[in-house]
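So that we are looking at the same thing, I have put the structure below in structure tokens.
Read from first to last, the chains carry the letters A, B, C, D and E; within each, the first residue is number 1.
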Amino acid sequence: MEEKYFEISAEDLKKFVDSMIKDNFEIIAPMDRDGDTFYGKIGKFDDANLDILLPKMSYKEYLLPKTETLFEYSFSGVDIDIKDGIESVEGKNRKRVIFGGRPCDAAAGPIMEKVFNWGYKDDFFNERFKNLTIVSIACEKPDDYCFCAEMQLSPESSHGSDLLLKKTGDKYSAVVVNDKGLELIASYLNLFKEIAKDEFPPDKDWKKIFEIEKAKSFLDKNFKHNYFQDRFLSCIGCGICTYTCPTCHCFDIQDEGDMKKGKRIRNWDSCQFAIFTLHTSGHNPRNTQGDRYRQRLMHKFKIYSEKFDKYLCVGCGRCSRNCPQDINIKEVVKDLTELASA
Amino acid sequence: MANIDEKLQKIARDLLESKEVSLIIGYTGGSHPQRMRPVFITKPEDVGRLSFNRHSVQDLAVFLKKQEVKKFGRIGIVVKGCDEKALNVLMQEYQVSRENIKIIGVECNGVIRQDLADKGETDLSENTVYDKCLMCGEHTPILHDYLIECADPQISMSGDIKPFAKIEELDSMSSEEKDVFWEKEFDKCIKCYACRQACPLCYCSRCIVEKNVPQWIDTNFGKIGNAQWNLIRAYHLAGRCIGCGECERACPVNIPLMLINGKMARSIHDLFGYKSGLDVDAKPVFGVFSESDFNDFIK
Amino acid sequence: MEDKKEELAKTSGDNDPRIIAFVCNWCTYSGADLAGTSRMKYADNVRVIKLPCSGRIDPMFIVEAFKKGAKGVLISGCHPGDCHYISGNYHSRRKYAIFRNLLGFLGVDLNRVEFSWVSASEGNKWVHIINEFTDKIKSLKNGSNDIFKK
Amino acid sequence: MKLAYYPGCSLKGTSFEYEVSLLKILEVLNIEIKEIPDWNCCGASAAHSINHNLSVALPARNLAIAENGGYESILAPCAACSNRLKTASYELKTDDILKDKVVNSLGMPYAAGIDINNMLEFLSGVVGEDKIKSMVKKPLNGLKVASYYGCLLVRPPKIMQFDDPENPVLMDDLVALTGADPVDYSYKTECCGAINSLSNPDVVTTLTGNILYDIKKHGADLIVVACPLCHSNLDVRQREIERKYGEKIGLPILFVTELLGLSFGIDPKDLAIDGHMVAADKVLKKIKEL
Amino acid sequence: MSRIGVFVCWCGSNIAGTVDVEKVRDEASKIPGVVSAVDYKYMCSDPGQNSLRNVIKEKNLTGVVLAACSPHMHENTFRKAAIKEGLNPYFVEIANIREQVSWVHDDKERATSKAVDLMTMMVEKVKRDRSIDDVKVPLHKKTLVIGGGISGIQAALDIANGGVEVLLVEKEPSIGGRMIQLDETFPTLDCSSCIMTPKMVEVNQHPNIKLYTYSEVTDVSGYIGNFKIKIKKKARSVVEKDCTGCGNCWNVCPMHKNVKSEFNVNLSERTAIYVPFPQAVPLIPALDRAVCLHFKKGGKCVKCYEACGPKCIDFNLQDEIVEETVGAIVAATGYDLIENSLYGEYGYGKYKDVVSGLQFERLLSASGPTEGLVKRPSDGATPKTIVFIQCVGSRDPEKGVPYCSKVCCMYTAKHAKLFAHKVHGSQSYVFYIDIRATSKGYEEFVRGTMEQDGAIYLRGRVSRIYEDEGKLIIKGADTLSGNQVEIAADMVVLATGVIPKKGSDKVAQMLGISYDKYGFYTESHPKLRPTESSTAGIFLAGMAQGPRDIPESVVSGSAAASKILGLFSKDEYEVEGTIASVNEATCVACFYCRRVCAYNAISGKDIKDRSGKLIKVVANVNPGLCVGCGACVNACFSKTIDVKGFMDDQIYAEIRSLSV
């Protein structure tokens, strides 16, 4: 469908959200907790913190939960009873809304969707993704860790959002990207005022400090470059980068249970863990943290892009902000582009 | 400040030039002026990168458990008093040998909490440092081959702030109330194991959570799996944790891990009179016993 | 939080709680055998798991037993000084003391965990401990409302 | 090093000679000590027989004042004072619960870190034998001096950590520095009767008599002490003892600081030697003739 | 896939009366992996065992669970039956449904459900059982005895007489130890050297005993049956095989002043080349290089060499290391006396006439410095009054040791008695705390000292001793009369307490045996294994274990000997295979396992690559020493070590199999 443009006052936005909550929507928004901000279910509009640049974690877990039960089984004697986990996927009623996320987080959804539908179609992911409506708010002031512009997005990108809001003074301009977005506001149209496309504030010119293609060209040719081993001596393999990343999506499948019953689950996993590639023999093809960090760079900036023509990174900068040893991916990618030129 | 850096650099240069060590682990400037990051210097000409200040929060001893770092053989390491205690435990537990390590001790009167530093905090005061700094008993590293004196003044204490006061608060709660508190905290856990990875003393090559015959710890990120993980982590560090607080600092979801570690340290001290990391020659508290150990809880 | 309190209120004592006992082979298991040969009677809620020595009884077994749904866990070995393996019970005693503090700090009701020294000649002590512990577990209002509840 | 000085009551009263001679020799030695401000009673022998907490809190207050004043070391010339200060410090170092209680009651912080010296430890440890030796201008060659230690300096050994508790020699070593000959005898640490002097003088004359006659038998010219109470018993009761046993003693009792002062060539008057009961005239004359 | 057989025993009505055995059997048959479930009246009977064996054979079982009586009753019976059918015995597990179910519960339904639970647990355990082979350790039938005192000598003789080769290692130039220093022995007053010397000679002449005097054990490795030891023979400077013991050398040695005789406890001098005492065994002198003029003055003095007929003095002899392999070791390192100088108030060292008990033995001894005449060390005068002080160091937690030294009461009574016999008209005073005289004839002996020999016993302590006009003034308390006493005496004898031999802790560390906080070696069990150390194959004897008198020392030496002869009566030492094992891939060598192992069974092992380069060190379990207690498993953070027969996954399976 054609994009549609609206305007809504700050006051009406609050009404919009509070009405949705009253109408049994589950609204996931940035919320303050323990001195930080995380996504969480809000009980009212005022619970949300829309001033924060980015919550500490992405809202990945609403697409790929930390732990997902694929199926459950139980024994009675030698008979086995199996229950499919898809039956209990939550949010089927299409009433879950991510509200107040940023364009980078929103862009992560379609990036992950490609993985979960490449060859095997992952019902669990698709069921959740289909039922999630995403209302994002454009960033006004990205910080030094942000590099979405370099990642072919921008602080104002609507890519991946169903509805994107831009704050202009004390009101918001809104662009409805698709039917899902339109459907969401359909019942609340009285709060929105449709405007013409040219009344919608144009995107600013966001500066880039490197060209990501150059980084890829370095990665293409330098698998064994010393840079990786030297630079990531300081990596302790904690995996925070992957767990806070909106696009990292690796998981591990485990069986849990006893002699009577059990379940097969999949849990988040991280390529930064030594055990991730450890073979039964004891051999580990990615034996150093340098190897493992390189893998993350390769996957994000080379392997994924070769398959899907996009990068597996939205430039949100979470991995840098949260790294306990201050490894800054923006610096790292910039290093790669410089090495490519050297 | 510059003075400290110069001294550090001089020591590092001498050590590298004389080939007494092949690697120096230290601090250098980070993503922004209030952040420091680890740096690994192998060439004398690079020592200019070394620096130290009140933002040097990391416990660099954590790197000594990395195979990639061990490969260097003889290593020089910059440590604060708290970090040095980790070296002592590593030596007690045969993970590091004294001959292979040159300890460049830096006197420290506290480091600024990273969450505040990220917001621009630069003042060193009782409101800006970690709780561990407020009750630090080892401003000067216990063992050191070199010692660089402190540039920062001692923090004055108003008495209003009681470090780890939450421990006493929890101690006074009923088990239901404690349960409610911890269930909420553990619910946040995303099992990234950053607490483990950031810990200088979690050096097992195969962590117990990675052992699956039997599956000691549930793999799920649910209530039980998370609680089990946090329990075993605390238990395995009881009597060993030296309170550097790296686990809590690393935790991306802000679980107050130092409450548990602190409680364990207190219990160990109360029951066995032992404090971890103070004496490299001491026998670890769970490596010995006394016939007169606490027995009241046993019928 | 509210839900939880309600849940707590609803849970009443358990009439047939399961108790898992981890015991050493030489003292407590023999003590339990002695209770049998002496035909003493005691509560049948307990399931005994035999190990060589209390030195072998890992505190994490307690957690596994809770996870499986046990309402109470008993650990029992030789009296101090009597360990068949010289010092196994001494080493474990340190661990239990700390692990118990840890469980308590994390909100586990410590009434659910019992430790005892029962010698091979103390069949009556075994009976007494099992009966008393079973009664205690039965009387707990919120039998297993903690992080390891089923 | 900043040195604090805790005089206690004796040095301001009955044993003023001790303080006078101390300050005089320190002047000569060019060592500065500062009397701690607002000091209070150490509790002496009374407090600890009545209230244990009080017996620790009283000395602890003096220690805390000194410590908070930035002093690293404190001198308590009186043996009873140094004994109480050391005992309090020891108890606070080894008992965290008591420490919490006491520090609370003091209303000021106290880390139990300050070093406590009795007079002999101060002279040989802080001042140093070399320095003392260098100041000896009038060597007391040939003078026979018996050092009497008494009990408070050495007991209980676990806390006092002073020399060999059964056979101390620290004071004898100081005597030797002056050129005098230390006299060995058997009653160095025997009881002088202490505070019984007031309630039960008969005990004191017996015990002190044993000490005095033994020293006399070993041919000493004079006795040095480092304890006001010892001094008082040996000095004040001497006439009475002579009467009781009908045998002359005539041994002057000097504080160790006075003896050092004499060897430094200080005028006996400036050392207040004329303040004692047993006159030291003969000895002073002997010194003069040396 | 497991093929488990479950056998439910009725034990007549003992089990079947309370437990529904058919129900247990039926429930068993429903468990995946169970291929046979039967019940039988008496499983332990011959027909019962035969049916068990038949099922093992017919169904080709991989595991057996018996729901029956306690494993302490019949586990062995059923395991033996399994072995006969070729099944590894450790695949047999017992669910105890008699002692712990039917005999202790009444409610049949609930008892049955408990029995089902216990049976199920064992099925899950047996599924995870691994084949375990018992460990057989070959025995090297030779014994090392460390220490040539009475207990070491007794052990050596008994073992040698049993036909086993013995290496007896003594640090001093002669064997004999403390006992040969003593004069007469309580309570019989037979002369110590009269009863000791023949034993010493027997040792020297015994074909099965190899004597190493002036030697020390410097290294011990290995384990029961196979200890590799190194003995350092210190350079004696005398060629032993040529020496005749004539004495010409020591008679000409110019160094006869200033070197105190250790044997006479500093009461006399000895020469640089010397035998410690005339009856020394072997009667071969040793040259003390630390004091010898030849070594101090650049080789000038060669008087002894010149005097020596067979020219067996060789100044160039070097320390020699002998390597041996033994199967068992006896540690009999003996004792020393507490340092008397701890008691400044007694003036030991200051007053010559204050002596220790051992010194007084030498003063009494006919072979001593005074040829048996009691004389004061200071002036050689005969003392008329002696004060004996008991418990010097013993029973004194403040300055000495808290324990009782056991022999002092008796030897003091003996001293007072002998003094009375030797010096007529003399008087003894004994200060004591309690009199402990509990063996045969001991109490009578002490009574005799008091009553016939007139020793005055004063119950109390001495506070101070000082010299006054040639007399020792002893000030003390008599707590029975409540009086202070002051005694003027000619001599004082301190009944000094005993402590372990200096350096015995080093020996213990070398042997890997444990010792208590005083340094006495600890027994494997204080009551039931009083002669075994905590380490298999190492036995204890004599005062090294704690204070004891001569008869007890002899008994302990013989006890150690009988244990060793028993051990060596077989060719192999067999230990159960249920021992710990290490996963070398995941071990990080923190060695908490080694710290908690009471059996010294864990050591470090180097893992090397093909080129011999060290990759890492890991913990390694010595099968000869491990007893499978599992303390190491509990200490291991990464669960890298596990104990066979009680593996972690088995215990978890037991827990997880329960129905709750």
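Methods note: contacts are C-beta pairs under 8 Å (C-beta built on N, C-alpha and C of every residue); 3 or more make two chains touch, one makes a residue touch a chain.
A quick note: this is a predicted structure, and the numbers were derived from the prediction, not measured.
Considering every other chain in turn, the ones in contact with both subunit A and subunit B prove to be E. Annotation: B-E is the more contact-rich of the chain pairs D-E and B-E, by number of C-beta pairs in contact. When chain centres are set by their Cα atoms, the one at the greatest distance from subunit D is A. Distance from each chain's C-alpha mean to the overall C-alpha mean is smallest for B. Per-chain CA centroids place subunit A at a distance of 68 Å from subunit E. A straight line joining the Cα centres of subunit B and subunit C is 35 Å long. For this pair, subunit B with subunit D, the centres built from the Cα atoms lie 50 Å apart.
Under the contact definition stated at the top, not a single residue of subunit D touches 2 or more other chains. In subunit C, 68, 87, 91, 95 are the positions where the chain touches two or more neighbouring chains simultaneously. The set of subunit E residues touching two or more other chains comprises 585, 596, 635, 648, 651-653, 656.
Chains touching one another form the pairs A-B, A-E, B-C, B-E, C-E, D-E. Per the touch definition, subunit D reaches subunit E in the complex via residues 158, 164-167, 186-187, 190.
Here subunit B touches subunit E in the complex through residues 93-95, 203-208, 211, 213-216, 236, 283-284, 286-288, going by the rule given at the top. Against subunit E, the residues of subunit A that register as touching in their complex are 75, 77-78, 258-260, 282. Interface of subunit E with subunit B (complex): residues 585-586, 588-592, 595-596, 635, 637-640, 648-649, 651-653. On subunit E, the positions that touch subunit A within their shared complex are 30, 32, 120, 124, 585, 653, 656-657, 659.
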